[in-house]
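Two complexes come next, and they have one chain in common, chain A, joined by chain B in the first and chain C in the second.
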Partner chain A sequence: MNKITLMILTATILLAAPAYSAEPTGLEIMQQVDARDDGDDLIQKMKQRLVDRRGDVREREMISFRKDYGKDSKSITYFLAPSNIRDTALLTWDYDGIAKDDDQWLYLPALKKVRRISSSDRGDYFMGTDFTFEDIKQTPELEDYNWMLIGSEMLDGQAMWVVEGKPKSDELKKNLGYSNTRYYVRKDINMYVRVDFWDRKGQELKHLVSGEIKQINGIWTAMSGTMSNVQSGHRTELTFSEHSYNTGLSDNTFSERMLKRGYRGK
Partner chain B sequence: MNDLSLLMLAGLLVLPSAASASDWTMHGSLKNETAYFISGEKRLDKMQNRLDLKPEGVLGDRWEFRGRVLAWYDAAMDIEASNATDLTTSIKNHYRTYLQSKEAYLLYGGDTFDFRIGQQQIVWGKTDGLRMLDIINPLDMREFMLDDFLDSRIGLWSARLNWYADIGGSQHEFEFIVIPDARPGELAPAGSRWAFAPPAAPAGVAVAVLPGDEPGWRPSDVEAGMAWRSNVSGWDLSLNWFYGWKDSPNMQKNLTPGLLTLTPIYQRMNTVGGSFSNAFGAIVLRGELAVNIGEGINKTGTTPVTSIGRKTTVNAAFGLDYNKNNWRISPQFFIRYLPGWDNTIGEDQASGFVSLMISTDYMNEKLKPEVIGLYDWADGSWMLRPKLSYEFSDQITARLGGDVFGGNNGFFGQFDKNDRMYSELEYTF
Partner chain C sequence: MKKIFNWVLTHPKSIVLLLLLITGLAASQMRHIYIETDMDAMLPKHSDAYINKQVLEERFGSTDMVIIGIINNAKDGVYNTHSLELVQELTDWLAEQPQFRTLALNDLLSLATIKDIRGSDAGLDVEKFMDGVPETQAQIDHLKQRMHDFGVYEDVIVSADGSGTIFAARPMPDSRHQYAEIYGLVKAKVAELEARGGSERFFISGRPVIEGVFGVYMPAEMKRMQPIVMSLLLVLLFLSFRTPRGVLLPIAVVLMAEIWTLGTMAALGAPIYTITTMLPILILAIGIADAVHFLSRERLLAHHQAYSHRKERMVEVMHELWKPMLMTTVTTGAGFLSMLASELPPIRDFGMFAAVGIIYALLITMLLLPAALILLPEKAKHAERKPLFSGYVEWLGGAVLNHPKRIMAFFTALLVVSIVGVMKLDVNASLVDQFKPDDPLRQADKMLNQHFSGTTSLDVMIDTGRENGLLEPQFLQHLIDLQDEIEKDSMVGDSSSIAEFLQTMNQALHADDPAWNRVPESSDMAAQYLLLYSFSGAPDDFETFMTGDYRQAHVRINMKTDETKVVAALLERMQAKTDLWFPEDKGYKVEWAGTGFTVYRLSEMIIDGQLASLATSILAIFLLCWWMFKRLLIAAIAMIPVSLAVTVNYGMMGNFGIPLDIATALTGAMALGIGVDFAIHYLHRYHEESVAGNSYRDSVINTNRSVGHAILFNTFVVVGGFLVLLSAALYPQMKLGALIAATMVICYLATCYLFPVLLGLGKEKIKV
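Here is the complex of A and B:
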């Protein structure tokens, strides 16, 4: 190898090195999303508008409680309105990673019973919304996807990482209901603001778009979001309010006892 | 004192304390339930116009009041002509109107316990459709077992303490129940289309039914129970004990020349048992066991001594829920077994049911088809219950369904001439 070749090679390595170190991988970006400070616990109210392709609207009100236990978390969601689903409540013990399925219990006031429910079919839709059980998690199980950074984009004046997540196996594709997902992650706050989904056959399926994002108690919080299913023409609009972070929620909040008692505004 | 007056009393008791810091709500529904018999004599079974009210009050930091009143007028009893067999004036009066409080209790939520006092429905067990551990509240069987349990359970005046303890790093629940309001179940009136078939009498022998001594508000009739619940290594487990009355009486016979006298005998029993459930992938396993110690049974004799007795019966159920691609499939297996059975006992040593429920939904849960089948594997009779519900809006839901019976006699087969189609239109508020 002559001197000139050696100098070119050295220069190439030196020039290229900063570029490699500045650009994280898709997995690293999603790990940062997962590690983003979202409070140790959270109480928030939610309004759902379920709008079908004819414009018919069904509205629901809920309140949810979440608490982190290391990388695991527990949450409980009560339906407050309308009357026909009032007191229905879902308790989830969400375990990090894929080694252990989440535990879930549903309280059905019409039966006055708490039912253990399977959490393995994460592609099932939740209570008639356009969100699957997988979608309503804070972040997807990172181990289930091959993550790839496919570029950077400006969206609504914000710099975004664009990260694709493809389920690692056909079994996972079936289970999750997706063949591909694309996350638009704000570079400044490690928060995704848009997600595109493709169905198992590779057809465009739905889009999740976050609305206003602001800081509450120093934590970046989406105040609204809309999941639109382009195949069915149905969409679910979510509005969040009355956030309370880090209130020191008791462990008892996330129990069968509270599922059965229901929420009465205390 | 009837239920309604007790409900009003409870309301009066809580109102003064509520005046300062209470928050009252009223939810409920208006509903029309119309059913038409499509076998046997074809006619309206019911045209009920129901009002279901759920008053609730938050009475400060710890106390709440929760109530439920159900009332209806059944227009079918005025539309259909009376007859001398299954639609007599007396039967019509039984079905025409209904007004009962189903629940009316005060709840105190402590840090480590909940205390409820008043009229309650207390539900145990993990099975659907048939009851094994869910034995605390008796049922109103005016429509056999077709009504929702929430509507057919008879609320009992009771005190219930649920204490929650952290033992060894896991949560345990201990439940204590005392019920001074012991009551039997209520059967459909004799002769009506939903009445159970009476015991067969020898040819040429008349049958007379005497009144029985029902359990009631007496210190000697008080019922009591305890339960433990916890999640152990992923399993939801319970252990249960209940000292109560069997909901249905045994019929003591006395055969004299030309006359068979039947006397309903209500008997106490101890029930011990437990339940479990856990999820394994797409499958949830669940089951329960109820051993009735000293359960009253019918025997084949025709004298007071030989026609009834007591036995320990073992009742077990095992079921699973399979959930995939928005379909829910739930088979269940029930068995009742009498150890030490002999041929003087008026039932098989082993009997039971299998059931299958299949459901799904379309249009973001607006449209929900469902079918439930129950088969009595001891007598070969069965019941099939298809149903389709559609949610027009948040407030308005319509349902269309059928109840079809099959078999020669037996638990379901005795209603073979009662196949019916029904519609429901419900407005909730």
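Here is the complex of A and C:
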């Protein structure tokens, strides 16, 4: 994303807003969330724990590389464990907006082939987790929702904006699988720490709750997050570690060649 | 005893008040009664079919789905824009109903939700078959082609000839009490779609629907039968007594007994099962006998003016009757209690509460009747009136003595025919067959089974004993082998497992080359395919086929019937195969579950329980008779008519092709318990007559005169009461009604016709 433009825009809004009202609007808060600095590139280790309603756990470990290209981004993720999917790798080219579908390729070491993954609906689940393709984006597509600030709240000793986002049309509701979402945004760092989701029928569906939030390389980072589906009893716990921001990853990192080569450690 | 009787007669008001109080208390309990429609709850909790079903639901999710079928017999079947629009509309509608769970793909399966897995040069495409309603003929043809090529859903979601398509929707968990409501909801929606015209016809079935309909039928049946049986009793009582008290008092007795019984059931937390819905009728029909005996005797004594005081007369009646009444109650009760030998809770409950009911009836008769008669003003005696059927009863006494050979010949022939029938006796615990052949639900089920893979579920759960165990190529291949073997059975419509999906993915990832339609060659490859798939699927797309740790697999089988015979044959054939492919010593564990398996286990328990309860009741009743008559031989003779009647009962079932099921299984012990009363009454009287020094001939004629009427009345009440069941909405009730009625007729004939002949054979011995 073009950060400078956006920062100017945000600044303008921030400066202009008090002239009309004491509080920002829901949309403004979400724009600030979207504009938050999350580094130009990032390397991190990630651990996934998929826990089903019976408490059975499936664990995966991976390392992922991400780099921003304006408002688009590219990422590559190598699976480290379990052993039967080791060296499997996922390359994603993530395009801003909904005009163009994201591109995804998966390298399967057992087949020694790269396979393209067909584009998914935004409401489709991702990698057997409780996250949909929409959820794994840093922020939802702001223009698809009607945002409304519904209040302020204290959560874990932090002041929060509570912003509700409802998909604008029935078509979008169907597509996203949500009729309503509610974001709890920390006022001090413009970061959401909790999201509640309601399904198309208006019933409570999922909660995303972030764990510890730390500043790493000057960037606010959630060290873990849990998405729980209250209807199915399934949940996905993510823990992140070994973050390095802005290491200047080269464009080559996000190529098919690297996908096949696999992760060779540091 | 006399002290107690006197006390009853000196405190009539207290007695009546007490009875009314207890009745009020019982009635207040009745609101706690609940109806159990879950077929699995008919199994004892320790049965593997019950346990495995719980495990299946816990591990792989419930397999109980509401099934809606659309059949279009026009040329293109459902492959036309109009039908596909209906598919889309109904799918969207189902997805919006809060009564249905729509979390994962397997929660709502229809042509508009299922996904196609397809290979392309670049990779794997997982797409919905229908992304919106296809508009052009070319799109429709493409859809049809893909459905055929993909194969997994052919016959399952769309019939092979394209004439029909299915929706399978999963009700929300723990919503069993709403099944009837859900059925109503779906029915209304379907009616709305049908009313718009078009050549599509809709059919609704599935286990939740069947159970929902049971839930509606059962209380409705109880409410409907009650007045019919009551009016029958009123008529018979009026014919017998022709006084208001003669009609109303016995009715009050049995109504109280009924309320007490239902109140007891409610208080003990016993649910109403399909067969226990017959309890009220049973208590009315059997319980009335004691009251009738009491009133008849009282009237007779009053007529002869044997006692000047009413109280004395009443004490005499009670004294005379309490023993035989207790005896017949005990023997009938023994017949019912023998059902406790069965392992099936509905049969056990039926037996226990039927016994409780008739004991209540006896108790209430002995308390309410004397108390009420004391309280009511004594009326002028009724004119002597010849009881109905006197001519017949008179004729009978002589006739049996004149044609012993014909009678013997008739019963011998009956016995031979029956024994032939017994050989053909079959068992069938089918859920669907409990509906009459013309019931809309059974019709719908038949239709769906004709066009699709089948509405009866049978499930195999295989535990590989280790994490990732199911990804191994050899195991996957054996799953495929198992499916192939199962699908050889013509009554199996389809089976599916994770192995099938992995085969399809393997083919898709090899440029859709059918040669690659085989299981992945390594465990790693299978794991990577599943990972690849997970980019397009929900976390629980395959939840129904395997556990998250890849340790336990589930093979789902759709059968076209839930008839015991078919399921039993399949299970026996599969046992050897699963032992071979998934040996226990290698850590595998194979468990069966599902409706098919439940039916299979139910059948086994029906047969086992049947034999046990028959043996118990014959022995118990025999011992009781022995104790009562103090003579082994008389006890043995007493058993003859009922044994014959029971044999004829099973013979009829065999000859008419009526299988043993959870209801008809009750007939044996029931007929035995009720029928033996006739024999006891008859023998008791005959014995008295012989002892009094009468010749064989006179004894027969006198016995007939004395007890012939009572036995005939009893037969009428019981036969009439059970014939009311012919109007039942449920098939087993109907069959049970007809069988018991027919068996009681045989019992009557055997008692009044065969007995005298048999006693004639052994007249010297029995005379003493």
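Everything below uses one rule, namely that the second predicted complex is superposed on the first by the 243 of 266 C-alpha atoms of A that agree within 3 Å, B and C clash if a C-alpha of one lies under 4 Å from a C-alpha of the other, contacts with A are read in each partner's own complex, and residues count from 1 in each chain.
Rule of thumb we're sticking to: a residue touches a chain if its C-beta (ideal position, glycine included) is under 8 Å from a C-beta of that chain, and two chains touch if they have at least 3 such contacts.
This is a predicted model, so every value here is computed, not measured.
On the superposed chain A, the positions of chain B and chain C overlap enough to count as a clash.
Judged by the touch definition given at the top, the superposed model places A:120 against both chain B and chain C.
When the two structures are aligned on the shared chain, A:84 is found in touch with chain B and with chain C.
Within the superposed three-chain model, A:255 lies in touch with chain B and out of touch with chain C [touch as defined at top]. Touch criterion met: A:106 reaches chain C, while chain B stays clear of it.
In the superposition on chain A, A:129 contacts both chain B and chain C.
Touch criterion not met for A:215: it reaches neither chain B nor chain C.
Within the superposed three-chain model, A:265 lies in touch with chain B and out of touch with chain C [touch as defined at top]. Touch criterion met: A:50 reaches chain B and chain C at once. By the touch criterion defined above, A:58 reaches both chain B and chain C. Clashing C-alpha atoms with chain B appear in just one stretch of chain C from the list 94-102, 112-120 or 166-174: 112-120. Once both structures are placed on chain A, chain A residues 50, 52, 56, 58, 82-84, 104-105, 110-111, 113, 115-118, 120, 124-125, 127-130, 232, 234 are touched by chain B and, in the other complex, by chain C.
Residues of chain A touching chain C in their complex: 50, 52, 54, 56-58, 79, 82-85, 88, 90, 104-106, 108-111, 113-118, 120, 124-130, 200-201, 203, 229, 231-232, 234, 236. By the touch criterion given at the top, residues 58-59, 95-98, 101-104, 120, 122-127, 468, 471, 509, 520, 522-525, 527-529, 531-532, 534-540, 543, 547-549 of chain C touch chain A in their complex. Looking at the complex, you find that chain A touches chain B at residues 50, 52, 56, 58-60, 82-84, 86, 101, 103-105, 110-113, 115-121, 123-125, 127-130, 232, 234, 252, 255-257, 261, 264-266.
Interface residues of chain B, counted against chain A in their complex, comprise 23, 27-29, 56, 58, 61, 64, 107, 109, 114, 121, 123, 126, 128, 148-150, 162, 164, 171, 173, 229, 231, 234, 236, 277-279, 281-284, 286, 321, 323-326, 361, 363-366, 391, 393-395, 397, 426, 428-429.
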